[in-house]
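Take a look at the structures listed below.
Across the two complexes that follow, chain A remains constant while its partner is chain B and subsequently chain C.
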Partner chain A sequence: MINTIAYGLTIGAILYIISIGLSLTFGTMRIVNFAHGFVYTIGAYLLISSLPFVRNNFFLGALIAVVAVIPISYVVERFVIRKLYGVSIDYAIIATYAVALIGVDLTKWIWGASPIPLSDPIGMDISIFSVTLPMYRVLIIALSLVIFGALTVFFKKTIIGKIVIASLEDKDAVKSLGINVDKYFSIVFIIGSCLAALGGVLYAPITSVHPYMGMMVLLISFAVVLVGGLGNIKGTFVSAFVLGMVMAITGRFWGPAAETMVFVVMGIVLIFKPVEV
Partner chain B sequence: MERADTRLIKRSIWQYLDVPIIAVAFLIILPLLGINRTTDFIIFCIFVLGFNILYGFMGRLSFGHMLYLGTGAYTMTIFSEHISQNPLLAILASIVAGALIGVILGPIIVRTTGACFALINLAFCQVGFFLVLVAFSRQTGGEDGMSANFSKLSFLNFGNKAVVFGFVLFCLLLTYYFLKKFTSSPFGVLIKSIKENETRVKFLGYNTFTYKWVTFIISTTISAFSGALSILNYGYVTPSFIDPTRAVEVIFAALIGGSGSLYGSIIGGVVYMTISNYLASYIPRWEMFLGFALLVVVFRLRTGVWGFIVGMFNKRQKVLEG
Partner chain C sequence: MLSVKNIDVAYGRAKVLHDISLELEPGRMVFIAGRNGAGKTTFLKSIAGFMKPLAGTITFLNKNITGLPPEKVALLGIRYVFQDKRVFSNLTVRENLELAAYPVKEKISTAVEKVMSIYPKMEKFLNLRAGSLSGGQRQILLIGRALVGDPKLLLIDEPTEGLAAGTINDILNVLSMMKGKVSMIIVEQNLSVVGMLGDKVYIMREGKIVQECSDKTDITDKAKLEKFL
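Presenting the complex of A and B:
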């Protein structure tokens, strides 16, 4: 039972790291970013490619992957997302989906379509309450808490964070103060993309890496964002862990249903709490 | 004055001739592509019409329309397996199933707009995919799918490909005619107004929920209809009929043809099928090509091919008039 809970917390932690970028992008720019899943995939692949150069040091490889995503996400933001401001939301969905399609094909071109397995980078176990857990999972949970704390401080204390929070409330009012909102939005976009890549890096040792891994995770993190509330930072945190638990508990009883159950929960939530977009 | 009159007459003739034009166009395509492919094209066009009534006319982008196609396809197969092998009855059952899923899911889905609408459709499609692939794999054949056998009718022998082609073409024309009447009726005008500004429609005293629900049901029904027809053509159902990742195909077809136009849907369907059938064998990086094409459509060609043609025609008309 404790194992299931620990598994749920791990999934919840990774889901939170991935979804927060999606939630912020939606809250600030009103864009549903399908390219997010592509960034997640490319993060995992960059980790695999960089491992031989850093003598298989997982943490250095992860750092390289996350940093290398910055220029990629900047290109996506500059040439696609920025042109979509104020356009009908359907076009934004389609355009970012197109970016995801291109990205998937690019990863297939460069790394091939077959899945690449990755082993647990730490390989140590830790025992909590007489239950042994892989050290790696405990680290992931801890890391997600650190990121949550860091983001909370970022949005409360720094001027960039404050501007972003203000634009979540009322973009036009912030603009009328003479602030170039778009610049801060691209910073938010890049932070979100880096976190998505980090999520991909962290999840890679738990599953295998393949070009379509982003799609399913993207759908689940959409569910997380919708349940938690669009652009709601705390709501995303709570819903990520709740849905992670849902996945773990369902998966314990009936493996294949785990991901579908997330959408059932999302459907129920949306029935009682329609989101006005 | 006289010139204006002749133009009016001309335009009305065009309006009455559209059904024969579509029929003739497909008959011209027929020898070029072969009967199997053309039948395939026509069925896809029906699906695009069903999708476009929701996207182009009501302005709701669904990212899970494969669910409704799959509902029709699986109902058709399972009906023929367990109840009756009469193909017409099976198609009727699929249409009823498509309407039913619209009636059941409609109240949940239709209340949302924009991104939420797209994603909740996608979520339901994912659930349907799971049900077919895993939960009911014993009844649906799981990943392998199952074949459908139909008995021969005395007046319609669906074993003959030419009969299937004729029947499918008739279905397309029927769907087109119905949608043409539907979109030009007051109901259709109201739906277009919902796309433009729903709040104002509500101010005028209309209960927009009912209108949206009915349109949604029409869309799901037509999609299920096209799913049933493709089973009639292939005789085999696989989970790819309900695969959520294929939702983009119909979106692309509707966009490239020009959303919000029935002609555009048919042109888009043909263009997409041509690209996916022929270009895929020449271009190895086919998904990437599709991605770039989508970006071009979104950024440069938002009215689609049909909108582009109409725009050119209007410009020429203006030049001619001086």
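Presenting the complex of A and C:
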């Protein structure tokens, strides 16, 4: 059971890292961004491609992968997302889904369709309160806490963060002060994309890397966002860990229902707390 | 200072403003009155850049601003104060002012002083969430926030709507203090307020300006103004 909880916390941590960008994009721009899954996948593949150049140093490879996603996400934002600001939400779904599909094919074309396994980059266990856990998973959980703290400080203390928080509430009022909101949305989008790529990088050694990995995780991330609240940093954090735990515990007793149960929980939450889009 | 010439504005295919023209001189306080749905807010939004006119021109300080995006219009010195007391409720009062000071590169302390000068009581609310303020305090914060960066023109939408009589007096004091220092176009349904402060009144009906009053006796004659609505 302890292992199940540790697995749940790891899944929760990764879900948080992936979902927070989605939540901010959804919350500020009102854009359902299916291309987020593509960035998650590409992060994992860029890690694989960079490893031979950094003598298989996972952490350096991870850094390269996350940084390399910046120009990719900028292109997606500049040429797809920016055209969708203020238009009907279904256009955004269709356009970003198209980007995701192109991304899957592009990935297959460059890296092939076969899953690529990656081993645990640390390969050591750690004992916490007489429970032995893989150090890599503890690191992922710790990293998610650091990201949560850093984002909380970013949104509370920096002017960019405050502009985004204000825009989540009233975009037009921010514009009326002379602030080019779209510029800050681009920054948020790129931060979110880097975090998605980081999620892909971190999850790669736990599962295998394949072209459809982003599509699978994306739907669960949407559930995290809807349960946690659009653009709600704290809510997304709590929701990611709760749903991660739901997946892990359900998976322990009935494997095939692990992902389904996430959507059951989402459905129950939405009955009592409908989302305003 | 501001010249609006023959603008037409539409929401999709539905035209809501027809051939509207208005002239504003520096330091003047002009009111726009009319019943709900007359097009008053749409008119202000068109000047502020939130609605793009189908036809006509808007010139501000000899610069054609027709169709400019709202953030660019704001940086030229036109500030739009929305109706419904739309403060950034998750930020503190000070942070609301910080956001207004940022694009115009004004010091936060100067921005705070500006609000204090029109409403000294705001000092004790500076570190509170703006969402916890009363309706009147929110409205004053919005007006104060709009004053950051020394704008040349304020567009204020329904400043006294839904406020109690005592609070309306606070708003009137603030507006009186600003009169002559900054030009203002104010949408207002309360004709007593219009009579007290207005230099000129435009009456709108069904997307058109149907009456223009600049004579003080006409402006203060509530019954006469009501006939035009």
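Note that in this section the second predicted complex is superposed on the first by the 277 of 277 C-alpha atoms of A that agree within 3 Å, B and C clash if a C-alpha of one lies under 4 Å from a C-alpha of the other, contacts with A are read in each partner's own complex, and residues count from 1 in each chain.
The rule is simple: a residue touches a chain if its C-beta (ideal position, glycine included) is under 8 Å from a C-beta of that chain, and two chains touch if they have at least 3 such contacts.
A quick note: this is a predicted structure, and the numbers were derived from the prediction, not measured.
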Superposition on chain A - do chain B and chain C clash or fit: fit
First (chain B), second (chain C), both or neither touched by A:L106: first
Touching partner for A:V39 - first (chain B), second (chain C), both, neither: neither
Partner chain(s) touched by A:I165 [first = chain B, second = chain C, both, neither]: second
Partner chain(s) touched by A:I93 [first = chain B, second = chain C, both, neither]: first
Broader residue contact with chain A after superposition on the shared chain, chain B or chain C: B
Partner chain in contact with A:S176 - chain B first, chain C second, else both or neither: second
Spatial angle chain C-chain A-chain B, Cα centroids [nearest 10 degrees]: 80
Nearest Cα pair across chain B and chain C, whole Å: 11
Overlap of chain C and chain B interfaces on chain A (superposed complexes): none
Chain B to chain A touching residues, read off their complex: 55, 59, 61, 63, 108, 111-116, 118-120, 122-124, 126-127, 130, 134-135, 244-245, 248, 251, 255, 285-288, 290-292, 294-295, 298-299, 302
Complex interface listing, chain A residues touching chain C: 159, 162-163, 165-166, 168-170, 172-181
Of all residues in chain A, those that touch chain B in their complex: 26, 32, 80, 83, 89-91, 93-95, 97-102, 104-106, 108-109, 212, 215, 219, 222-223, 226, 256-257, 259-260, 263-264, 266-267, 270-271, 274-277
In the complex, chain C residues that touch chain A: 48, 50, 69-72, 74-75, 79-82, 86, 88-91, 95, 98-100, 102-104, 145, 149
